[in-house]
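I'd like to ask some things about the structure below.
Labels A, B, C, D, E and F are assigned to the chains in the order they are written; within every chain, residues are numbered from 1.
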Amino acid sequence: MIFSLAVYSAPYSSQASYSAYQFAVSLLNQGHSLHRVFFYQDGVHNATNLAAPPQDEFNLQKAWQRLAQDHHLDLVVCIAAALRRGILDESEAKRYDKQSHNLATEFCISGLGQLVEAAVVSDRLICFG
Amino acid sequence: MSTLHTINKSPYTHNTLVSCLKVCSERDGILLLEDGVFGILTSAPGADELQQLIQRGVKVFALVNDIKARGLEEKVAPNIEPIDYNAFVRLTLNHRCVQSWY
Amino acid sequence: MNKKILLISRQAPYGKSTAREAIDIALAASVYDQNIGILFMDDGVFQLLKSQQSQHIDQKNIALILPALSLYGIENIYVHRESLDIRMIKTDELILDDLQLLDNNAIGNLLSQQDHLLSF
Amino acid sequence: MSTLHTINKSPYTHNTLVSCLKVCSERDGILLLEDGVFGILTSAPGADELQQLIQRGVKVFALVNDIKARGLEEKVAPNIEPIDYNAFVRLTLNHRCVQSWY
Amino acid sequence: MNKKILLISRQAPYGKSTAREAIDIALAASVYDQNIGILFMDDGVFQLLKSQQSQHIDQKNIALILPALSLYGIENIYVHRESLDIRMIKTDELILDDLQLLDNNAIGNLLSQQDHLLSF
Amino acid sequence: MIFSLAVYSAPYSSQASYSAYQFAVSLLNQGHSLHRVFFYQDGVHNATNLAAPPQDEFNLQKAWQRLAQDHHLDLVVCIAAALRRGILDESEAKRYDKQSHNLATEFCISGLGQLVEAAVVSDRLICFG
């Protein structure tokens, strides 16, 4: 079956994105396919490359990146939500004249339509907020 | 086909469980996770309504990782089934769609 | 592939950005050729009050954005009747007049007919 | 001296107002702000207890900017005083300390 | 200047980071020579359950952090009795044994005696 | 009188930091002094310099910066909360080997002790969360 996930909460501050990650791991282990993980609202903070949590704490950003590498996942960050919250890739940083950018590798920035497209393509769309 | 409802907020603090129970149909399922697992306690607001729904056919599950994390393993109310993340995935496939309450 | 997608908006306006960002999804979804509906319940029904003056807290007025839903072709706009009743809100206080009021059972049925639920 | 309690969550969704009312002393004040201003409605959970506390001497205020933003100007329950941010500041000085409930 | 500062921790552990970050403040505050207390009420009392095994969700165990409070010299650890009763939690289930159980009135009094309240 | 404020919520996602800002403006207008604004938990996101909200929306990050310039405010971001959430100044970015940093000017990063010190020094400490 084809799954997509929508993640609405920031890592660390809320457990919801951790639950989404464990759900993603489980569905992949069961042989299902994960079409897309769409990060919206505070979920966009999953995609920062500037987080530096203590070494002995679970690093969710890194966990998403590893999972994406292992399974060729499409991790999409909503552009409108990201711009308001200070998550930028290189081209958005240039467009808005910002000195730096902070989107982690394996994530990409795109529009809300990517969530709708995920709903159309997927058998199941599960929201974590 | 039926709906799987997930609840991730404490019923002592939020009204989400009570809201969910109002519109839950008899063939639906409910999964408690994160702080939603406090809903497994018999003292939780909505616990009586939850047991009544179970009697009418609603299946209620709770994520075992979240139960253990919060130290509630010995406190699970009757007829609530602890499940792991793998079973959570299977549960979403046994229902037509998933409504996340938060 | 035409899918039935229902947005469920349960949060009050302004205190959190959730209400606003749910509407943004509805508007974005409308350009796809899918069957999109939106359901307001719990504190989400407060979004429908036409007397909102959100300029007093420097936010965009949700009562002025909501009429765009039908302009964008979202015809099915549902409201949980009991959520209105509990809050003693009358339908003539609401900004939209093409609302479908549903009781608890009708909402249970509505949910079970969808392909996807997007909840906020 | 007494405590000023601020509440910024909707009483229809969160238990914060009810929790606050339990420990509120008779010379305390309560300020409703942000989504907490839904507590000015006579239908709100805790509204009756709030009116009883007012009768016993507790002063209840609500931030007028938040009331207007949410379109509630005509719905303020009796004995709840709408105030602006300037009066909010003065209120914190009339109380020994401030407990923020969220 | 010795000030009375009370931390009020009302959130359940793990679902949000609030509980954990409130404890961090208590521990940081202890090194200043002030009169620091902490009150657990509402879902905050769930933090005190000694049976927590948070490794199952990859988080640090709050039940193992809390004993540090008294090691750091925070002697006044209060618990709202009604919050325990409503949740049917007995005191022998709690990780700390030097807790002061307070009823509603006693908490009202406690708040009114502080110089600052830090709420979480 | 001497005030300090503690801000625990992110801008845009929550109204609490806007309320804190309006409270700060009002107390300064009334001639009181504002010893410190301490940003903790998700409040650290008030200090990003990468947010690019739409032009017609209130920009809270900029508003804090202007207020700080006008009144020489001490805007302190908790280092532990900031590191976990991806808010870094130049020296922390170097320490954690990050390619960029995103702390807005007028804000500084420091320890939790700054909140306790603010409580000791101030007549009123108000929390917004």
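One rule holds in what follows: a contact is a pair of C-beta atoms (placed from the backbone, for glycine too) under 8 Å apart; a residue touches a chain by one contact, two chains touch by 3 or more.
The structure presented is a predicted model; accordingly, all values stated were derived computationally and were not measured.
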{"item": "Minimum number of chain-to-chain touching steps separating subunit A from subunit C", "value": "1"}
{"item": "Approximate Å spacing (C-alpha centroids) for the pair subunit B, subunit D", "value": "33"}
{"item": "Between subunit C and subunit B, distance of the C-alpha-averaged centres to the nearest whole Å", "value": "25"}
{"item": "Distance from the mean Cα position of subunit F to that of subunit B, given in whole angstrom", "value": "38"}
{"item": "Subunit F residues counted as touching two or more neighbouring chains", "value": "12-13, 15, 41, 57, 124-125, 127, 129"}
{"item": "Interface hub residues of subunit D, defined as touching at least two other chains", "value": "8, 12-13, 15, 34-35, 65, 97-98, 100, 102"}
{"item": "Junction residues of subunit C - those touching two or more other chains", "value": "14-17, 42, 57, 59, 115-117, 119"}
{"item": "Every chain pair meeting the contact rule", "value": "A-B, A-C, A-E, A-F, B-C, B-D, B-E, C-D, C-F, D-E, D-F, E-F"}
{"item": "Residue ranges of subunit B in contact with subunit A within the complex", "value": "8, 33-35, 63, 65, 84-86, 88-90, 92-93, 97-98, 100, 102"}
{"item": "For the subunit B and subunit E complex, residues of the former touching the latter", "value": "8-10, 12-13, 34-35, 38, 41-43, 64-66, 68-74"}
{"item": "Subunit E residues touching subunit F - in the complex, by the definition given at the top", "value": "1, 3, 5, 17-18, 21, 24-25, 28-29, 31-32, 34, 115-120"}
{"item": "Touching residues on subunit A, where the partner in the complex is subunit C", "value": "6, 8, 40-41, 80-81, 111-113, 115-117, 119-120, 122, 124-125, 127, 129"}
{"item": "Parts of subunit C lying in touch with subunit B, wherever the complex brings them together", "value": "8, 10, 41-42, 80, 82, 104-105, 107-109, 111-112, 114-117, 119"}
